[in-house]
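Multiple structures are listed underneath, in structure tokens.
Shared between the two complexes below is subunit A, which has subunit B as its partner in the first and subunit C in the second.
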Partner chain A sequence: MTKSDPFAGERLKHSPFHPRQAALNLRNAWSSWNGTQFADYYYDAEYEYFCIRNSCATYDICPMQKYEISGTDAEAMLDRMVTRDVTKLKENRVTYVCWCTDAGRMVDDGTIFKLGPDRFMLTCGSPSLAWLRKCTYGYKHLTVTDISDTLAGLSFQGPTTCEVLKKMGLMDIETLKPFGIMHFPFGSGSLMVSRTGFTGDLGYELWVQTDLALALWDALYDAGEDYGIQPYGEAATNMARLEAGFIMPGMEFNEALKTVHFHHDQTPFELGLDWLVDFKKARFNGRSALLIERERGPEYTLIKLDIEGNKPAEGSYLYRNKRCTKQIGYVTSAMWSPVVKANIALAMVKTKHLGENIWAEIYYEKELRQNSKVAKCTLQKKPFWAPPRARATPPQPF
Partner chain B sequence: MTDYDAIVIGAGHNGLICAAYLARSGKRVLVLEASDSVGGLAATREFHPGFRTSVAHAISQFSAKIARDLDLSTHGYTPGEAMATVGLDEAGNHVILKGSTVSGVGPDDTAEFIAFRRMMQRYSDVLKPFSLKTIPHIGKNSFSDIATFAQMGLKLRLLGKEDMQELLRIMALPARDLMDEKFDSGLLKSLLSWDGLIGSKQAPRSPNHTVLSMLYRMIGDHGGDPAIPAGGIDSLISALAEAVMAAGAEIRTSTPVERIKIDGGEKGLSATGVVLADGKIITAEKIISAADPKRTFLDLVGVDNLEIGFTNRIQRLHSDGYVAKLHLALSGLPDFTGLESPDGRMIIAPELDVIEFAYDDAKYGGLPEHPVMEIVIPTLKNASLAPDGQHVLSAHVMYVPHDLKGGWTAAARDQLCERVIDTIARYAPGIRQQILHQELLTPYDIAQSYNVTGGHWHHVEFTLFQMMMMRPTYEAAQYTTPISGLYLASAGCHPGGGLMGGPGHNAAHEILK
Partner chain C sequence: MKTYDAIIMGAGHNGLTNAAYLAKAGLDVLVVEKNAYIGGAAVSRELHTGFTYSNCSYVCSMMRQAIHRDLNLTRHGLVLVPYLGTVSFSDDGGTLVSYHTAEAEYNQLRARSPHDADAMFRFQTDLARYAQLIRKTLLRTPPDPTSFKPRDIMELLFLAKEFWALGEQEIYEYVRFFTMSAAEFLDDYFEDDLIKATMAGAGIIGTALGVYSPGSAYILLHHVMGDVDGNIGAWGLARGGMGAISNAIAGAAREFGAEIRTNAGVDKMLVRDGKAAGVVLENGEEIYSRIVVSNLDAKRTFTKIVDRKDLPPGIYEKASNFKIRGSSGKVNIALSGLPKFNNVPDNRYINRGGQAFVGSLETMERAYDCWKRGRWSEDPFIECVIPSAWDPTVAPPGQHWMSCFVQYCPPQLADGPWTAKKRNQFGQTIVNKIERYSPGFKDLIVHMEVRTPHEIEAEVGLTEGNIFQGELTIDQLLFNRPFPGYAQYRMPVKNMYMCGSSTHPGGGVSSACGANAAREILYDLKRPNVVPQDDFYDE
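What follows is the complex of A and B.
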């Protein structure tokens, strides 16, 4: 008789790609995401990062939450929930969206895939069924299905990705434009490919039913062998997305429904997501609060900083004087960027001090000794990393 | 130019009052009512050829200020005289309350009763001024808002320390605790708790708003004693309708509003008109819904036009009614054992536990084994409600669930109806022989025929978490709503339900600001 596992409910789930990923996780460097065992890195985060930038690499997005929303009310429901105009989204296109509470504080961001006239997929970082239940109340012709455990997703990013997919036999994949979706027969089912990602570079996301996940992995790794294919984990993702200027929950923003302290969450305006808030739309959640916010201006603004020196300004406070007595904000994410060759950071700064000097007080360790320095920061308007190849259609061949 | 300055949806007494105030200040007003007569829950209708009655059968707190403002006396409304409240006893040893007198109980209870009533009257006087006032929202207050809060504080202070402490102590106390500490007679305890319980999902052992409900009832002319006007409830409703028309407003019955027309612009959403069943649109600057808040927002406005958090707060409002109506057409005046004339308000609730157990049955979706009720014979005040020499009996029966387990089948309705009549027959043994016709309206029936969600007495439960600046919910508690140009004016707003007119009056005041 087998002994029952007293910790059964506590153990992390395995992603459908787990057998392959476990074999490649040389360092056993696991963390978790939404209850699924998840690689922090496989061998070396920097190496994986360079694969994203120079060849191609895969990132497991199975633990991301995916909801299929279908029915004749699906579009209306989503359109009311998110700040962007969903009615403009065409079939087989993806759009990046955020959604807010009544008070205009950001609940989460994610993407909406339009799969058919009345069929959408919503993806987001955190489980959102409770929120969706609130959003769907009052809509009769609509079903929401949590497909997080039945649809496997593999993000495939880097300059050689298109070439690999061509080699895998995905006909005309080079014609797929950013935020487009294509479908291909695959094994006993089908493969959906969207030209999306979280690295600011050329890349795709591959979606199959979970029973086809390993077959997809094998086909992709076969095709990618000569193109330097490599899995990457959370650490490398975080580097790539910071260079691209993408925000991360728990770093740049705190999900409003999980925030305890008043205004420790953010509005889209604070996060520089003004372009997602479509006031031409008369109805969306948080609209009246956001209208006031737009007129008054956000209290904080998320900015990109180029910081002198090479010490990452992780967790630094920002000041408007070099003596560091007048605090104006804080760094949310920071790193030395190998591609840009700069010490970069995302930071929240009180909007009213935006035109002024910004100094970061950086703490760092050198052989067990704590040091600090004050570094001058320069405001950057553009994303640190946005190469033309990210958007080129067809992508350049290799 | 819009068709009207204001459209009022629903011709319940609150809708009529609001319309009358607006029309008197020169607005072009249209009142649209779904059913074929005005008055809402207070409408008088025929339930058997020649026999008429209304769901709401007595008045205990109609505002004298409103009656004056709208000249209701010239339109035929004269407040009725206070009626006695009679606690029926099978053997005829009834307990009778009228004003500050009580009979049928011992000397200790009598003395306690006098003191109790005085105390409650003092507390009720504290609340009284706020029934005809908008309760300010929290934060960002104007001077007049702050003055209202200050006035509340002052009123409390003026009570004196002991009274104030005692008020705070008993405010959310279960009725049973309060009664047990003061009285011996079971029947007296039931009578005094009754007005705190009726119309709500509360029993004697429930803490929450029972005491507040009692005080709220006492705001009226007779300190809480019910009355039926000389011309019956209908005389109030027809006086209100006349006042509306005399002020130049128009009333259309049998005209249900299908949807409120909401237009979106750069600034947000605004209500610009109503859409009728035939698709016809009537436009107005202001739309006032005197239909209940759930119906207003979820059906007439639609969730598309509401924010998500707000929608869910409305959806979760407690609004299931627990009062059923029995209407009997009688061949003669019923004879209650030991009662000279059934011209009071008669209550069948021998002791608090009988009320409690009836509630327990209903709480789980069942029918009360021993229903408790309040009975009046409206024909004693207004003989025109029945053919000569014949009578109508009207009873509010508690506790009857809106959602009966197994559904409201004809059999379930009959079973309850028989049970209620059997109960009455224990006190008026000859009544069965006098019955020409019987009608039982469950809360479900009331919801259907009177267009009131849940068939609820107060539209939304009158309870601590749905009171004052939370009534029906924040962001809609000052008669305005998140949609510009849309206002609320029904019992679902502060100060609540019952034939008193506060919501209609206060809404008009906000609209005319």
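What follows is the complex of A and C.
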């Protein structure tokens, strides 16, 4: 008999894709997400990033939280919880949403999948069961089930993805529109494919019961062999999503329910998510607070910056004068964008100073010596990377 | 009759860069190109259905990031993808793999020679130090050391400052480095022949020098000083082939209003009252302009395009004697599958990037001997890259194309002119050598394009098929390129400029020559400069 592992309680859970992913994680570069062991990168973060932009790559979204909400009250409950109008969502469509506290501060963002007339799936980064239960008060005809451990998800992103899925035998996959859902028989069960992702590129998310996870992996990697398929982790995800201008909890926003200091959390208006807030709805969580916020204007505004030079402005303060005495904000995420060839960043700037000059004070190290420089920043309206193939149906040839 | 502000001869990547910047500054610009397609030696062509060859240049590391960024080349369709993993093969079938991490690389070298594994750190550091200095000159106009103009004095001071920053000992080493051979330079560091041969390959590519010829050490540096996204020494592929670079620059140029005419080869440059005044096309058509910029190599420009009587004494001779010897061949091969090589593990990150058939220093030197005797090398140095293993757009899925760069292949054969038969024999020599390391390789071949210096000159226009538009030896570098006294892009005929790789900083798909020339032209026209600086001065 083998001796029991005295450290078992310290070890992280394994994703259903772990056996395949562990074999390919040549660098043993692991991170964690919601208690699950999860790759930071497998071979090289930049290489994996280029697979997203140049060929195709998979990202394990099993650790993401998934809840099935069903029943005749499901739609009404979700509609009250999130700021967007859920009643407009059609079956087999997905929508991006955020939800707030009564004070209008953002709890989290995620996606809602409408799987049937009274059946929805909500995905989000952080465990939210307790908040969901609060949001069900007053509704009788619904059940909320945490399906995080029974439904496996694999994000599949990049220009060759559609071709690979076709080769895998998914008929008519090229007709799937952005935010659409299709179902296919797979093994003893079924495979759900949504045209969604977190990279700003052409991409899909593949969903199966966990017992079919490895079969899905093998089928996908067989089909993708000649299309440059490669797994990627958190590092490459973070690069791709920043180029696409997508926000990340713990970077651009601090989840309201985890925020200790007053107003160190954010409102959707501060994060540029105005388009997600639908005041035509008679009621939703945070509505009255957000109405006031809309009138008054947000204190901070999330902006996209193109920064001169090539040193990423990680953790930089932003100023409205080159001497760096008048601070107006801070950088939330920054990187050198290899595809665009630009020094890009997302930043929070005091709204009243938008339209003025912005300077970043950047620190960098050169052979153990710290250096600093002041770089001019240019406000950027559009995402840094938004290729037409990401929106086109059918996607153009890669 | 319309008079353009500027006519640029040759739609290679430097000519297009020059046009883009002149047009950006508001000039009325025309680019004339002899071929039916643009790109010069940075070109993608589909010669066999489904396969897109980068016919000439095939990888890039010199492309100025500042220009890519400034001209918005990504928006015009350019994506540069780094490629990984090159395997070097020795004569006896031994292999040296280029691993992606320093740790794996160290372990591998240590298995061959613990001494060399340690020496590699010093070697890489020294190269980085030398590269750092040269890199800073790329997007700058070389100063004229005899001039007292404030611009030249400032520029000389800049160079001197960078030079002194090396430290006393390194200054001696650096000066020595410029005149050394690659093999001798490598002898300073390494004992293992395969390690040396692997490094030495970069010292002879595109050059009519052997690994033991003085000056080849600098060529080595020229090939490792580029970068991809700040990773110095890394090489990238242009998605869609090297033509994507030219096409993107052309896109930017057109957006700024430049006109590009293909099938418009220049026969002569027009000179009126001692000033460049336009061009005469091969079909006799005359087009007028206030400025003429030649993107052709110096020899072609001054021995074929500019009339000798329009030149001051001595220039024709200088151009005739300009060192631009053809030394390389290029074989592009379409394959029905991915070739497998002996002694290379089935590791997807290293078995599909590139293959360097270096043999040994001795083999490389013998290959050079063949060239000197007017024959192609019987056992050549071949550098292969399989772009389709990284770029899904250049071959059908599961099929591939392989770029084989061959050193050496002479522009003229000792036993008479190049013929189709000899060209095929040359191609077979390459295939036979690869087959030795990859049994079954021949069975994968579905199409082949064989290019000797003869074809490269005839199609691209590079004299003798020299890929650098003139050798990169110290007598033809910096303020000596192309000729002493003419290194600042202004040529002996007034209002005439050069913008090709015959000018500083020399060969490679860098866009630097074209951009530097544009800056000088705008300076002469007293227009504000629109050409960016490199972005790594805080490196």
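Here, the second predicted complex is superposed on the first by the 389 of 398 C-alpha atoms of A that agree within 3 Å, B and C clash if a C-alpha of one lies under 4 Å from a C-alpha of the other, contacts with A are read in each partner's own complex, and residues count from 1 in each chain.
Everything that follows uses one rule, which is that contacts are C-beta pairs under 8 Å (C-beta built on N, C-alpha and C of every residue); 3 or more make two chains touch, one makes a residue touch a chain.
Please read these numbers as outputs of a predicted model, since none were measured by experiment.
Residue contacts after overlaying the shared chain place A:317 against neither subunit B nor subunit C. Using the contact criterion defined above for the overlaid structures, shared-chain residue A:30 touches neither subunit B nor subunit C, since it reaches no partner.
Looking at the shared chain after the overlay, A:96 reaches neither subunit B nor subunit C.
When the two structures are aligned on the shared chain, A:160 is found in touch with subunit C, with no touch to subunit B. With both structures placed on the common chain, the touch criterion links A:338 to subunit C but leaves subunit B unconnected.
Judged by the touch definition given at the top, the superposed model places A:291 against subunit B, while subunit C stays out of reach.
Which of subunit B and subunit C touches more residues of subunit A is settled by the count: it is C. On subunit A, the surface touched by subunit B in one complex and the surface touched by subunit C in the other have no residue in common. Of all residues in subunit B, only 263-269, 298, 302-305, 307-312, 315, 482 touch subunit A in the complex they form. Contact residues on subunit A toward subunit C in their complex (touch as defined above): 27, 43-44, 46-47, 50, 53-55, 159-160, 163, 167, 226-228, 308-311, 336, 338-342, 364, 366, 371, 373, 398. Note for the complex: subunit A touches subunit B at residues 76, 80-81, 101-102, 134-135, 137-139, 279, 281-283, 285-288, 291. Subunit C contributes residues 65, 68-69, 73-74, 79-82, 84, 100-101, 228-230, 239, 349, 390-393, 397-398, 535-536, 538-539 to its touches with subunit A in the complex.
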